[in-house]
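Structures for review follow.
Okay, so subunit A shows up in both of these, paired with subunit B first and subunit C after.
Entry: the complex of A and B
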């Protein structure tokens, strides 16, 4: 367990360092980037920049200072919005994005697992076909199109939900569904095929032979093993929901960090892009680590010391 | 008894064939083709892809309007007899633009798949074939890189490089090869212990030749499936990037950028989103069907 944890942690830190180094180099080499030397800036602005970013120091020293600053939890400042730090953006936006992400993950898990079970128990019957059609649509419609369509029909045409903004639970529904569509489809397929496989195993026959009710067999014995692979999918699921929320937050004008990130890209606000990238990378990798750990804890068959690729 | 030459004459061929049990022998690829043809969904997918490719080739010339021709008197027209898919906010013909976008989107999908194939096969092949410390180091690199959320990678690459098609290929290729490398390595590891590889080695073939001529061809099945499924994934990601404003820039168009424009105007002119969205979804479906069909056809043991 300890070795596994250590190995994953090392990978994570190396990967994070890689991203940070990459973003640091980025700041200095991008043509037209924030510190590009060919750009003519007013004397006073240059002086401020120099003071803030130690541009007169040798490159390696700048790098060390950048790392020190990150270690202190300071992700830098926006180049566009004067006086706003990346940390400000995260403090305001992250709770919003996290709420949206958590609701989407819940929707995906609940509907995905239910659909998968229904499909598996009614293999090749009409319920299965409907679930398959749903999953196929989920696979083939990009989330930003799904978001726009949901907005068009449920907010604009029949006015069931608000079209945009944030604040009440009703604001969460449409964006969360849009984000959850693809993972729901994916989870339902995983659960379906696993459930079918598990139901044919001997221990299920034993349980049935012992005279257990069908309900107990399915929900107590089979389901546990059938949804195990879903746990491995949680890492990519969380990453997908959070990166997917870039576009969904943009469409629904939700004040989360996803929208901030998109705006920073449009504005070429390098300070914000880099700060948020480092934040996203760290956050998603941490999530992945937690998922890996929980998987190892849930399934005793998993060997902890070595993870096969 | 003396054995004469006459006693050793071969039997008549026809008699032997009558005794034969079974069907004519088929090669592996003939089997694959036949299994694939039996899969209705996969065949539908293939037909759709062929139609899409044909339309991408000739579509932009059919309506008589070019993709960047603007007509300010005909702005935001609904589909009609002159503009079959309607026009956009600058009065450009959406029919032409949708098929022009099909070219770009398919190009993105296919070229990315080829790039990923080349990098992945070389990297995974070398890693798997040489094994030992080389493999250890190369796979650690892959593991570290793949622990970074890949869309962040793509966005960062797109932000630093100049916008354009080439950048999209590079950014997508730079990210998606990781899975391909893993897949190829696994295959190569399994194959390199086989006798025919040993035979080639004994005959003095160079490692590169063994890899390229003997091992890789035998790993083609799973690789082709992965490439087929790579194409819709790349189209998807390009659409997503276009939506963030990082894809191809106007007046060029991809399905992603068309859909992105359409989203802005959805309440007033829904058809501007409908057509690109429809074709993106159809393409996803078709490639996924073909990919699944190929997977089933290539692996005779695969569960249906």
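Entry: the complex of A and C
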């Protein structure tokens, strides 16, 4: 277990270094720079700006300097927003995105698993067909359309929830639903197909032959086996949803990190791009690690050991 | 002695796209208290479906009990709901299945899987449940029961898993144990051990056992009576002695001939029953076995054979044994 963790953490560092390197190269390969879009700046100002952010240094030196700075836990500064560090952006934006994300993941899990079970237990009956229709809609309607529709009906027409902005629990509802639509559909499908398969297993027959009630058979014996693939999907889902969906955050005017991320790219804000990428990548890898660890809790056959060879 | 189980004219169909498969077509047999009855027959003859139907474990739909009665201690199980059956399963009737490798839940410990039976049917919890589980594991011959209770199925071999499944089936001292090919998926040496264990436990606990198998070797040393099934029907039934030494049905003869024997020259090939079992969507008119039967007569293809009693308790359904045919034959010889 200890060795497994150590090995995984080493892999994560290597992967992170590769991601930083590629992002760094790609960022500089793309024409333009952080100050290119502004109205023509005087030569001397440009020179000073480049000087200040070390943009005149050779690329390899900038790269090394960035890594050194990272080691100290400093993700860098924004080139566009005077005096704001990437750490500031994360400190302000991440809790917002994380709250929204957590609610979305909860919604997706609760509704996805319930729909999946209902479908599986009523295979090819009307309940299954209705769940399938919901899932198809969830799959095919993009989150921005879902967001607009929700906003139109629940905020504008019946005024149940605020249209946009952030602050109270009511503000979380609509964007969280919009963000949860796709994962809900996805999870319901995974649970359905796995549940159908698991319910045909011999050990389910054994459970019934033991005189277990249908409730125990489904929730104790079948669900635990059917849920493993959902856990696999949960890693990237949590990372993606926690760090925010730009579109949904933009539509609901939510000051989350997803919005910052996309704006940084539009602005060629070298510091912010790199910083947020590193943060996002590290978060994703951490979530995947947690998922792998939770496997062992759900399925005792999975042993966390170092791979041989 | 009293009958613990009486199956009367049981018919079970399965709906498929091709039509209704008549898996069980009027099966009648009984099991006495403390008796071991073997149901034998080749794959697809309906022996497993019969066993599952007694427990009402066949999926409905597509399965359906068309008619018949299953009297357990005189009470008909057919009209019972799944909830009512859940109170009988595991408590009054235990069941052991064919493949121990897949019959235990991989995500739950052995202790959990035995413990839940004790909790649901006997209300045993905590220490009491633990003591009983240890006793059960010892009873089925599992060493270090305290340690084994905390382990998961993947830490057990096939034979050990079957022992665990037997412990689960017997946890509440059922009156009847149904063993559905309990040794088929195991190595030969393990087969003998499991069979030995079942025999020993049957002796000790005085329960009735229905053992389903296609292996007459299993039958010989264990069961008191044998029910031979073919194409969803009982074709012959009698004491084990009668079936082995005085079988009357050509299908039973075929089964007996296809068993390897130690006293035979090893170069003697086994004699298989040629052909295939009939399609049970459209079962043949007359005797279902006639297309494969060496002794088939014209009448076999036209009318279903009547059941005749050879000696008390030895029933056979074959035209060769019908009084009318016997008379005709003796006439022809004269």
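In the analysis below, the second predicted complex is superposed on the first by the 252 of 309 C-alpha atoms of A that agree within 3 Å, B and C clash if a C-alpha of one lies under 4 Å from a C-alpha of the other, contacts with A are read in each partner's own complex, and residues count from 1 in each chain.
Note that contacts are C-beta pairs under 8 Å (C-beta built on N, C-alpha and C of every residue); 3 or more make two chains touch, one makes a residue touch a chain.
In this text, all values refer to a predicted model and were calculated from it rather than measured experimentally.
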Overlay done on subunit A, so just call it for subunit B and subunit C: clash or fit. fit
So, A:224: does it touch subunit B (first), subunit C (second), both, or neither? second
Once the structures are superposed on A, label A:97 by its partner contacts, choosing first (subunit B), second (subunit C), both or neither. neither
First, second, both or neither for A:136, with subunit B first and subunit C second: first
Contacts of A:62 with subunit B and subunit C, given as first, second, both or neither: neither
Which of subunit B and subunit C A:247 touches, first, second, both or neither: first
Between subunit B and subunit C, more extensive residue contact with subunit A: B
First (subunit B), second (subunit C), both or neither touched by A:188: neither
A:265 contacts which: subunit B (first), subunit C (second), both, neither? first
Between subunit B and subunit C, what is the tightest CA to CA spacing in Å in the combined model? 14
The subunit A residues in contact with subunit B across the complex are 11-12, 14-15, 18-19, 22-23, 26, 29-30, 136-137, 139-145, 148-149, 151-152, 156, 239, 243, 246-247, 250-251, 262, 265-266, 268, 273, 277, 280-281, 284-285, 288, 309
Using the touch definition from the top, list the residues of subunit C that touch subunit A in their complex. 55, 57, 82-83, 85-91, 94-95, 97, 99, 102-109, 116-117, 120-121, 152, 154, 165, 168-169
Name, in rising order, each residue of subunit B that touches subunit A in their complex. 139, 143-145, 147-149, 151-152, 155-156, 159-160, 182, 186, 236, 239-240, 243-246, 259-260, 262-263, 266-267, 270, 273, 277, 280-282, 284-285, 288
Subunit A to subunit C touching residues, read off their complex: 201-203, 205-214, 216, 220-221, 224-225, 298-301
